[in-house]
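Can you keep this structure in mind? I'll have questions shortly.
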Amino acid sequence: MSGGNTASVQINVRYAETDQMGVVYYGNYFTWFEIGRSAFFRSLGHSYEKLEEQGLLLPVVEAYCRYLSPARYEEQITITTRLERLTAARLVFAYTIHRGEILLASGRTTQCFVGKDSGRPVNLKKHYPGYWELLQSLIPK
Amino acid sequence: MSGGNTASVQINVRYAETDQMGVVYYGNYFTWFEIGRSAFFRSLGHSYEKLEEQGLLLPVVEAYCRYLSPARYEEQITITTRLERLTAARLVFAYTIHRGEILLASGRTTQCFVGKDSGRPVNLKKHYPGYWELLQSLIPK
Amino acid sequence: MSGGNTASVQINVRYAETDQMGVVYYGNYFTWFEIGRSAFFRSLGHSYEKLEEQGLLLPVVEAYCRYLSPARYEEQITITTRLERLTAARLVFAYTIHRGEILLASGRTTQCFVGKDSGRPVNLKKHYPGYWELLQSLIPK
Amino acid sequence: MSGGNTASVQINVRYAETDQMGVVYYGNYFTWFEIGRSAFFRSLGHSYEKLEEQGLLLPVVEAYCRYLSPARYEEQITITTRLERLTAARLVFAYTIHRGEILLASGRTTQCFVGKDSGRPVNLKKHYPGYWELLQSLIPK
């Protein structure tokens, strides 16, 4: 289910993720998006954890989610993450949340590249050329 | 700081809200938006809790946040919520997150009206006319 | 790794679970314990979700955790849950959190049996005899 | 309500803090305890944030909570934190959670003193004598 510019991962909905409406709290979908991003980086063989160790942070600068159908406790959920766009300054991921064939939610986040020590923007192409090439090669032409 | 179609509320950033980047986790801003909505409804004298007791749910169908500057542990944060748009089927809130004069983030959520028992869309104007009038009166012409 | 009165489940540490100390926030271990309980009930073929549908709630009345070594982002963690004690009114689970062979934390929760509609204590032996027999059979003599 | 070895702080229960049982999720009480600790340190004029900046971390090594009555969305909750015990290696806080006069929960955490850079135990009496004196003076003889 993973490959190219897409990675999928499955989770079981936690009781802690529900709210008194009896469904998953809307804010928790952004945690699921982050799980999707982590799975995406792992699938490249470059975990996000390693990026941070190399001094590169990817703070989120924009996040969006559209909710179509609620998720409930114990359901098995598939998070699919696709690298949608890449520039030297930022990248955009698109996400879908499915239960089986049913699309529950979709969303998008934009991350920028920031130096861990400087706290300032980093040009990925210039400062991490190997990583830039790898990500660049995943974007469909 | 509250009045008309706007309500403000202050919080101190919790340690639990930070992540290993040393700043507030991006998903937690959506919890702050919800705190803003709760304060908005309280300022009307109609808490969201009472709405649910009257059988009306307001699930989020869309959520967006733009992050400008990070929030940190113990900072005092002001959440300002403004009712931006209202139809018989849904409402839109706009939010700002400030530390003092500095804008840290802004966002928007869309909620629809759903019957607690039916789980189906509810026409606010028809089924909760008093509440419709109240909210309608807050929208600037 | 599961069987008898014990069930194990593995998770990857989420970025959202860390705090600014760079390790998993102490309160999140209680969410992990809950994941352990859910896995325990699933391993019996009686998910906790089904119990709630049958009108039985198991609110936590006591919770304890001892922290030995921190867990970090992306680590693979094993949660092991053991049914330790059972009476007609409550049950006690014991938990361990491991990374490989290393014990990171251990804990214990006590749950009581409460009727979903009544909100009052339920005698499991009397009102859910089949379930009582099943759990009872798991406790080592 | 604060003074001596005790500090109190009030919060409104967040929607995000509830679960599908319709009450506050048990793990969130540990976040409330942390809010209590933060308020305690602020009341001393030495915020926990400043301690971390001075190189001192206080990781939790033990946590316990007893739940007596549930907390619900929008309720106003008082968190009271009392410094119960202090040694050169660790301190113990006791907490109560009230809604008005009603005790909802009580608990206790033990923290140890750790150097931020070394990651190793720190003798508070020896390395932070001023802070040791201050805390020591709060413990009833």
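A, B, C and D are the chain letters, set down in written order, and residue numbers restart from 1 in every chain.
Assume a residue touches a chain if its C-beta (ideal position, glycine included) is under 8 Å from a C-beta of that chain, and two chains touch if they have at least 3 such contacts.
What you see is a predicted model; the values in this text were computed from it and never measured.
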Relative to chain A, which chain has the most distant C-alpha mean position? D
Any idea if chain A and chain B meet via the same residues, over half in common, or different ones? same
Once you count every C-beta pair in contact for both, which comes out on top, A-C or C-D? C-D
Between chain C and chain A, distance of the C-alpha-averaged centres to the nearest whole Å: 29
How many angstrom lie between the centres of chain C and chain D, each centre taken as the mean Cα position? 25
Per-residue multi-chain contacts in chain C, two or more chains: 15-16, 20-21, 23, 27, 31, 34, 73
Taking the touch rule as given, give the residues of chain D at its contact with chain C in the complex, in rising order. 20-21, 23, 26-28, 30-31, 34, 52, 57, 59-67, 70, 109
Considering only the defined contacts, which chain C positions touch chain B in the complex? 15-16, 18-23, 25, 27, 73
Tell me, which parts of chain B touch chain D in their complex? 12, 14-16, 31, 34-35, 38, 42, 47-49, 73-74
